[in-house]
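Listed below are the structures to be examined.
One chain, chain A, appears in both complexes that follow, with chain B as partner in the first and chain C in the second.
Up next, the complex of A and B:
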């Protein structure tokens, strides 16, 4: 059973990443990158340069491993699944920072520090939103959170949760209005010195993370594998795919403001809003 | 040489082009790069073709060689003089196919060595004196200096940016001192290259700002005469930045999106950008029509 589940998780991550590449219309450009030379900058941090995309991929894989594929069935059925995902979120900030740090060049480093500054106020609302979703389940386990949505999905019970989590999803996947690490004003920031396969692998890791963060959102807010007629995994795939498409759509359509303005919005608006959301969700459960 | 399957797929992808834009060629080049079949690379590392549009002044030759050497192998330089856009687009696509087939490549123009000699100098061979001083790894150490905002003493990093950075106007060279990404000192070392009036076209000006706002597809749509179809467009540009005789960067974006040409008096660039963050500064520069920018930078140089 474990072997089968491992296979299902890996297949979901792979298939989802291919779907994400299609959503971004990036098949041919990504393939072309593999034919290009990988240039080395002067005195790079080689270890972290190679590890950063590997961490990013690993965090995407760990994240999706705690997602239940059927009610009562997850590869890592942890009593603290939400906390495992939360640690993945926090470590993404470290990963993106290392990616910007390692080439030893100004634009990547500016992107790295920017992302670290934006990352913290994005993580905090994310934690409040996920804890709020854990309240009706009275458990930090994702299996229990799915179980608590048999009557009504969290997206209806806690309407602010999914919109707030979409902000987190955009930041985790370096996309559109939350792409402060690889922005255009710093020549794609932490990726500015990447070429060839190195550039391609970083982009693929970003797209793999889109699968994981969407699968988590589908589990926490849309009931994950719950649904009539079709088997559990199919419902999870459909919901994950829909959330991926939504994230890509928002990423292409919403403008990115300056980092300082976004910091103000995150600390002054989104953080209090997420706390209010937690408070209301808690009072409802009393 | 028989192409591998991967190379054949690569040849079918849009040709990644990095453009070095000469005097009077900005509008033409920007419109060229919006064609299907070509892709505007944000950094030379992501490009295979270096497009040199027009006659670049002699003092940019070294910078052009540096950009050229940053392109990964295999690579090609194409000079665009009098060709019609269709002809140069066809030449780029042919060059891209040749590159993918491994039939075309160029060697470095400059020797691959650090800007200052450092190897073996100093007690640890790192180019410095002890822990501090000297030029470790060929660059002067960043030293702390008074912050212009809240008095925190932070490292000051000074570097030259331009003349071919895609988010700066072509030809503009800025020497910028940054603390984090706050600009605390700015010197215009070369003005933008002269451009014809067509560079002030509303769709091109709007597209430059949209790309900085992360809206590449909206920029594409605007350049093809469609509406931007983007959310939070105006709100994303902070209200207070780039104020020149009564209009702000946001006002100018709104005018351009409505299809109006904008003219502003040449601003005092260092005063306008001093204290701005890097992202704000790039938005401010993109919010100035090229004609105003050129006159502004000329004024600074003459003074």
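Up next, the complex of A and C:
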């Protein structure tokens, strides 16, 4: 059973990543990168430069491993599933920072510090939104959170949750308005000095992370594997795919503002909004 | 099996902890310390304390990210990639290290350790929650308010709009003698902002 579930998780991650590649229309650029040679920077931190893409990919895999594929079935069926995902988010910020810090070059370093400054305040709304989703379930387990949505999905019961979590999803996948790490305005930032296969793996990890964060959002807000007629995993795939497409669409449509203004938005608007969200969700559950 | 994994994680935690003092950059030191705590968190998970273990990973990832930023910010080595020596005050730190090592070892060896394994199926996370928000409430609330005060203090100290006006305007270094001229290089010419410097724009 565990072997089958592991296979399903890996297949979902792979299939989802291919779907993300299609959404981004990135097949040819990614394939071409594997044939290019590597370009070295002066005195890089080799360990972190080589491992950062692998860590990003590993965090995407851990994230999707805690997602229940059927109402009572998750590969990592932990009583603290959403805290595991929270740890993944925190480690993503560290990974992106190290990816930008390790080449020892100006643009990646600017991207790394910009992302650390934006990523840390993004974690706070994320935590409040996830804790709010845990309230009706009275548990930190994702299986219990799915179970609590049998009658009404969290997206209806807690309407602010999904929009706030979409901001987190954009930040965790370095996309559109929240892409302060790899943005075009600083010559692709943390990946400016990436080349060859290393660059391709980083981009693939970014797309794999889109699958994981969308699967978590589908589980927490859209009832995950719950749904009529079709089997659980199919519902999870449909919901995850829809959220991936929505994230890519928002990323392409919404403009990015300056980091300083985004910091103000995060601390002054989104953080109080997530407090309010937690308060309302708590009062409803009382 | 669990014993072997705990032994490996302990070895990893000790090795990464040792690396903190042997690497030559603040960023490497911060994240070596983070890896050490991640191993400790994994040991917590193996000891049937899932919330404490996973929360340790979460807290340490955020904390070490903040620490790396702040340490690099206050160092003379802006990127954190230039080599620097991580150890200083050798005698004092060796003494403190030995005292801490023997003290903790004595505490481990001399205190009677409990041996009551958690029954499988116990809802340990809920029990921890009841403990934190029940008998231990006062301790955690005190710690929470103290941390909040520290954070407010840190923001005030590092804010650009300080108590005495904008931080980047009209600041004068203190004098070399009591009431003397400010230290450092004096601006050239009276009042001018050196228009000849703008040639390269």
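In the analysis below, the second predicted complex is superposed on the first by the 286 of 286 C-alpha atoms of A that agree within 3 Å, B and C clash if a C-alpha of one lies under 4 Å from a C-alpha of the other, contacts with A are read in each partner's own complex, and residues count from 1 in each chain.
Going forward, contacts are C-beta pairs under 8 Å (C-beta built on N, C-alpha and C of every residue); 3 or more make two chains touch, one makes a residue touch a chain.
Everything numeric in this text was worked out from a predicted model, so none of it was measured.
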{"item": "Touching partner for A:123 - first (chain B), second (chain C), both, neither", "value": "second"}
{"item": "Chain B versus chain C as contact partner of A:36, first or second or both or neither", "value": "first"}
{"item": "First, second, both or neither for A:258, with chain B first and chain C second", "value": "first"}
{"item": "Which partner reaches more residues of chain A (counting touched residues only), chain B or chain C", "value": "B"}
{"item": "Touching partner for A:101 - first (chain B), second (chain C), both, neither", "value": "second"}
{"item": "Touching partner for A:113 - first (chain B), second (chain C), both, neither", "value": "both"}
{"item": "Touched partner set for A:93, first chain B, second chain C, both or neither", "value": "second"}
{"item": "First (chain B), second (chain C), both or neither touched by A:80", "value": "second"}
{"item": "Intersection of the chain A residues that touch chain B with those that touch chain C", "value": "43, 113"}
{"item": "Chain A partner contacts - residues on chain C that touch it in the complex", "value": "27-28, 31, 34, 50-51, 54-55, 57-58, 61-62, 64-66, 68-69, 79-81, 123-125"}
{"item": "Chain A - residues contacting chain C, complex", "value": "43, 45, 78-80, 83-84, 86-87, 90-91, 93-94, 97-98, 101, 104, 109, 113, 116-117, 119-120, 123, 139-140"}
{"item": "Residue ranges of chain A in contact with chain B within the complex", "value": "28-29, 31-32, 34-39, 42-43, 106, 110, 113-114, 176-177, 179, 183-188, 191-196, 199, 252-261"}
{"item": "Of all residues in chain B, those that touch chain A in their complex", "value": "6-7, 9-10, 12-14, 16, 39, 42-43, 45-46, 48, 70, 72-74, 100, 114, 137-138, 157, 159, 165-167, 178, 180-181, 210-218, 229-233, 235-238, 241, 277-280, 282-283"}
